[in-house]
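We just call them A, B, C, D and E in the order they show up, numbering each chain from 1.
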Amino acid sequence: MKRSKKEIGKKVGVPPGTLIYTGDKREEFEITAIDYNASGYRKIKVKDIDECASFKDPSTVTWIDVVGLHRVDAVEKIGKIYNLHPLVLEDILNIHQRSKIEYFEDYIFIVLKMLTYDDKSHEIEIEQVSMVLGDSFVFTFRERKLDIFDPIRERIENDKGAIRKRGADYLLHALIDIIVDHYYIILEKLGEEIEGLENEVITNPSQDTVQAIHKFKSNLINMRRSAWPLREVLSQLSKGDSHLITEALIYFRDVYDHTIQAIDTVEMFRDMASSLLDIYLSNISNKTNEIMKVLTILATIFIPLTLIAGIYGMNFKYMPELEWRYGYPMVLIVILVIGIGMVVYFKRKKWM
Amino acid sequence: MKRSKKEIGKKVGVPPGTLIYTGDKREEFEITAIDYNASGYRKIKVKDIDECASFKDPSTVTWIDVVGLHRVDAVEKIGKIYNLHPLVLEDILNIHQRSKIEYFEDYIFIVLKMLTYDDKSHEIEIEQVSMVLGDSFVFTFRERKLDIFDPIRERIENDKGAIRKRGADYLLHALIDIIVDHYYIILEKLGEEIEGLENEVITNPSQDTVQAIHKFKSNLINMRRSAWPLREVLSQLSKGDSHLITEALIYFRDVYDHTIQAIDTVEMFRDMASSLLDIYLSNISNKTNEIMKVLTILATIFIPLTLIAGIYGMNFKYMPELEWRYGYPMVLIVILVIGIGMVVYFKRKKWM
Amino acid sequence: MKRSKKEIGKKVGVPPGTLIYTGDKREEFEITAIDYNASGYRKIKVKDIDECASFKDPSTVTWIDVVGLHRVDAVEKIGKIYNLHPLVLEDILNIHQRSKIEYFEDYIFIVLKMLTYDDKSHEIEIEQVSMVLGDSFVFTFRERKLDIFDPIRERIENDKGAIRKRGADYLLHALIDIIVDHYYIILEKLGEEIEGLENEVITNPSQDTVQAIHKFKSNLINMRRSAWPLREVLSQLSKGDSHLITEALIYFRDVYDHTIQAIDTVEMFRDMASSLLDIYLSNISNKTNEIMKVLTILATIFIPLTLIAGIYGMNFKYMPELEWRYGYPMVLIVILVIGIGMVVYFKRKKWM
Amino acid sequence: MKRSKKEIGKKVGVPPGTLIYTGDKREEFEITAIDYNASGYRKIKVKDIDECASFKDPSTVTWIDVVGLHRVDAVEKIGKIYNLHPLVLEDILNIHQRSKIEYFEDYIFIVLKMLTYDDKSHEIEIEQVSMVLGDSFVFTFRERKLDIFDPIRERIENDKGAIRKRGADYLLHALIDIIVDHYYIILEKLGEEIEGLENEVITNPSQDTVQAIHKFKSNLINMRRSAWPLREVLSQLSKGDSHLITEALIYFRDVYDHTIQAIDTVEMFRDMASSLLDIYLSNISNKTNEIMKVLTILATIFIPLTLIAGIYGMNFKYMPELEWRYGYPMVLIVILVIGIGMVVYFKRKKWM
Amino acid sequence: MKRSKKEIGKKVGVPPGTLIYTGDKREEFEITAIDYNASGYRKIKVKDIDECASFKDPSTVTWIDVVGLHRVDAVEKIGKIYNLHPLVLEDILNIHQRSKIEYFEDYIFIVLKMLTYDDKSHEIEIEQVSMVLGDSFVFTFRERKLDIFDPIRERIENDKGAIRKRGADYLLHALIDIIVDHYYIILEKLGEEIEGLENEVITNPSQDTVQAIHKFKSNLINMRRSAWPLREVLSQLSKGDSHLITEALIYFRDVYDHTIQAIDTVEMFRDMASSLLDIYLSNISNKTNEIMKVLTILATIFIPLTLIAGIYGMNFKYMPELEWRYGYPMVLIVILVIGIGMVVYFKRKKWM
């Protein structure tokens, strides 16, 4: 979950709408436009940003996918062509933006977090996806060229489902739906992880278990931070306050439903993780207790016997027992009797 | 509470309304229609799904109970005949759906969780029941052929209570009421369990107790997850916002009341379980403390005595005490006096 | 707080309004009617339930007190005469009902919990009291013939206060007021208890203290469960939404005030009980720490000395020290010096 | 914070508006009336309560300060003259009343808690102050003759600030303002205390520290209980719902502001106190750990050496080592080597 | 975070609007006025406060920055010239004021907390900044001459961004924006700190770690106290309820967004800090457990062996084994066998 935050200092006191990219420098830069309606489909790799202006035609839906936010100039140019507010552009470039939705007269601006799970480091990776919904276009802005949106592209290309017959709001829904679906993939991974941790805590707890629980909790904290604002966004979208969202309303309600359930699961995991730590601690306490019992039983049995041996090891001239014919076996018997008596006593006390 | 979640990956990026069954494959498949009014009663095993269309007659109430969600084709066909939205069908087939209620123009769609308690594994089993209320019909969709709804069937058959004289909303109430009644059966089991755990923690705590508390808490977490959305659903139903619910309104209010009380009990159990774990921990700490006292008392009494014996076991040539006539008994007396003195001291200090 | 819950199973799937008494079977059964207005007063032991019909006369206020809910038939008959909804009768007989208020056209139905404190078992006992307020009558239904309402009876009989001059709503207020007053008596007991526990935890904590805290917390959980819904009921009553409550409104506001304060106190006790457990644990940890210090000091002082004695107890032929004239006193001095040195060292380290 | 609660039993079942003083019997009883307007000022020790009627003149503002609530008769008489509701009089005399505000047609009734801090016992003392605001008068009722209101008296006498030029609502504000100012004095004391506790926990924690934290938390619980309802009262007052509060509205807003900040501070202290207890516990755990290390190191070094000495103290006839010329120094060297080796080992393991 | 609170006592009972400076006495005092519009710019060091009146001209925007609140007379004079309410002036001088916004007819009054982080003491320093927004002017009042507002001054001077073309509300936004930006700088520092603590807790926990966590938590508590009211202020500002805020509305919405995110981060840090303490404790418990194991293993191995040696060190006359030719080596072998056996046993039990 580590991300560069070195840019924070730079932003202090600069005028609002000043465009600064706050992520890591990257190589990838690519603008792909997909232009379609029920009867046709076109996919263009945009070289010259001015081409974008040609997609404004309201008879087709256009999805313009911008990969590579380090190209501040490109984002700025798009902003000018499509008349986006400078504050919107600033948020697009600031990859530490909280998820949110903002309504403007001609468009809706949405920031979301795309989550992916790194199976090796067991960490959740977060990528910011900004979206702009106009009356016949959708913009997506993101840092890296991940293939998460490929299924949508394919549905448009192959005219699968209703997507080609519907408007830009339906396209927006499809894109957001994929992002929310990825939350479920992560929840599934986390679900497997906590099941594993549960086993470990009960059968074979170690300090590593605690660290794994800690990492799990950190991941949950990150999920929560992304999921709650996501829910807010979808709650807004499913209320239908904007004229830009019409026929897709019921579909946003469906996705909203999924975000609620995702949050439910996150909160459930949180409760479970807290519970695991409590069990770990009681487990350790219990073990220390067991070890102390072993030590105490041993000491209680042997230390008095050692005293007896010590007494008959003294060098006094006048110690009648030492002269007795059966002194030695008698002491051995005494030692045995005391030892066995102690064991019986501890068994009765349920310490053994 | 384990359920197959393998289907999650499949759902990423598919168009909304795509019908995918997310549960385990099963054999059972059965559609039973019960058609009745005050004067008559008919029970049909539906073989050909097209028969269902014949039940649309508004002069009788029809309850169509579909068991076996793996038959996606059947659900789809019913959806077409009764004009259900594809998103509704998708939710019916997705058995991981959160409980909810959705209002459509001609019908109300409800998802609930049926809970049963497995006495052997001490686990709560969850089955999803989806319901559709139209003006003269109720659909129930579920995975397995459990006999939970038999009492309703019997009431209709034998004209017990008012059910035959009332509409589809009253039938819906009767079905939901049974589901909520089962929550109480589980709460009763959990109540017995926590009473047992309470005893165990106080009289004979062990690591098993902690694991039992943990299992109990997991069960509670699951109950909470089902109970809170259930309450929301019933709160909605008892508000009477839909023209489909008329005379049954007061009965939904009654069931709503029960859900509040169920949640109250769940929250009470939660508080009690947290409290139990605290008591367990204090119990273990206390025991470790007691064991340490035994060890310390023992060591404090015997180690100095062992030193004395050790001293008179030294082999110095000139040790006058060794020559004394009553050296040996004197040492024995010193040892006894010190030993008894220590015991008295610890008794005073309330350690013994 | 134990109550029979054996009837839960019986209620699954039965039609709403089916009358089942869920409490323990009892012997007591008694209906007492008190009929009064400013000018007169009449007290009747009702033998035949049909007599009840005669109290409908609106020129007098009638209070009908029904003791003994196992007589389902009697409750049913009253329900018919006074036209009470079957769901109301069902709630009256179900003694596990949550406290609540329900408005009907001609009457208000209220369920409350009467709490009493058993001084021997230190447990709170709960009895359900159901009330029905009509325009000129009040019904009270309860399981056992406790004398809690005697002060009201006496006020009516002796024309004390304004009760005889006022309507049925004022009578309802008087009855509820007594119930709330009993919450204060219990809070007083709990207050004394937690003060005692506070002392015990600080001066003489033992495992019994933890169990007492646990019992105290269980009692609080029960109080909370009764007090919060009680507050809701009184909040409703003091809002004056019903035409049945007129002049008594300000008095309900007064009782509402008391319920808020009672809840405040319960929550305060909860915080205090949590705090006590924390102190108990820190106390035990501290004691274990002290005991460990004693053991460690002792071992640190004596074990090295025992080694010295052991060395000079070895039987080597050539051990020059053994031959020395002052070998023995020198070793004794060395032992003393080391022992005293250790004590000084530990004193400096503040362990002693 | 101890107050007599013996009167609770007496109040069960008595008619509402029955006047019972619930505090301790006291000697002080004094009614002081201050009558003023912009042009004049008069201070009267009221002997005969009937005099009070003469202050009703609306051209002057009158503040009647009643000290000594055990004189139930006096309060009752005042109630009659100024037409106060019996429930108001009952609340005035019940010193366990929760802080609140109640609007009547001709007056506003307010109950507040005056807090003072006892520097010796480190306890917060609570005194109830009831106030009645009419169109040209303010009543204050309190148990003890504390001098808290002297600054107001002096401001009226010496015509300081605007008080003489303004109405009764401004006077009420001045009185409440002083009460809220005293909350800040207590917060200051608590602030010093928690700073002290913080130091103690870190530098020199003992069981006394825990008890001091506990006392601190109890004080906070009491402050919270007084502060939250106080805030509610001031929130009401600053909303301006009553015709009795006009020009003083902005001043009530100012005091409301202070109550919010006071509560903020209380909540901050609460968080800090919880944190302190956690640190205390970790400190003790750490110390026990250190002590255990000392014991274990010592035992690990000396116990094996003692065995060696014990072996050569055995009396076998044939033990060749005992005859060796350098047996004894060799054993001494072995002992030294093992001892030093152990120390080195533990240093490496970072236990020493 | 220490600030002088000695003035609290002085404020008890004084009339509202009495001007008392509650901070430390300082030397700095400076009033700087910047007067600008799109076409021109003027910066004046104000010597005589009466000059301020000249800036009222509505055709230019004026920012008057007052540094040094100990000069109560100056603040009072400004208040008179600009007609500020005495309660506003009182709040400006009371540097312990909670952040808030208040609407007056002609101006808006805002109190905020400027946070800076002291890298040496790891403490957050808080300075109060009060602001007054009129139709063509903004006042800022602060204690110390920090250079935080320099970037704004520079933007005005050099006509950077839109600031010169816009009104006083935009200027207010710019000032508040800088304050909020500083919250991010502190969050960045805290983020680095908690990352360090996380490492420390896992790799090398000590009592210092706990103290560092405690300090971290205290800093968070302080941040929360400043951040939540800040959020409230910005929520108000971005609602646009005042005629004084027009074109800057969308910019306030942007800053509001940042405060939400800052609070999100603070809450996340809180959760993480709580988690760290839990891990620390489990770490210590684990270590104590390990140490106990070492001690117990050692004692279990050597104490029985010491008894054997002790037995053959007894001086009985008749001990046949002592005479045996191979008695000594046999005992050595027995000792070895028992010792190795024990080690094997503990290895099997996974204690070693």
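Criterion: a residue touches a chain if its C-beta (ideal position, glycine included) is under 8 Å from a C-beta of that chain, and two chains touch if they have at least 3 such contacts.
All figures in this text were calculated on a predicted structure; none of them were measured in a lab.
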{"item": "Homomeric contact chain B-chain C: same or different residue positions, threshold half", "value": "different"}
{"item": "Chain B onto chain D, rotation angle from CA fit, given as a multiple of 5 degrees", "value": "145"}
{"item": "Inter-centroid spacing, chain C versus chain A (mean Cα positions, whole Å)", "value": "42"}
{"item": "Approximate Å spacing (C-alpha centroids) for the pair chain D, chain E", "value": "26"}
{"item": "Sequence positions of chain D contacting 2 or more other chains", "value": "281, 285, 288, 292, 295, 299, 303, 306, 310, 313-315, 319"}
{"item": "Contact graph of the chains (line, ring, star, complete, other)", "value": "ring"}
{"item": "Chain ring listed from chain A, with chain B in second place", "value": "A, B, C, D, E"}
{"item": "Residues on chain A engaged by chain B in the complex (per definition of touch)", "value": "150-152, 155, 160-163, 173-174, 177-178, 181-182, 184-185, 188, 191, 202, 250-251, 253-254, 257, 260-261, 264, 268, 271-272, 275, 278-279, 281-283, 285-286, 288-289, 292-293, 295-296, 299-300, 303-304, 306-307, 310-311, 313-319, 351"}
{"item": "Residue ranges of chain B touching chain A (in the complex, touch as defined)", "value": "5, 8-9, 11-18, 85, 87, 90, 96-98, 100, 102, 206-207, 210-211, 214, 217-218, 221, 225, 277, 280-281, 284-285, 287-288, 291-292, 294-295, 298-299, 302-303, 305-306, 309-310, 312-315, 319, 321-328, 331-332, 335"}
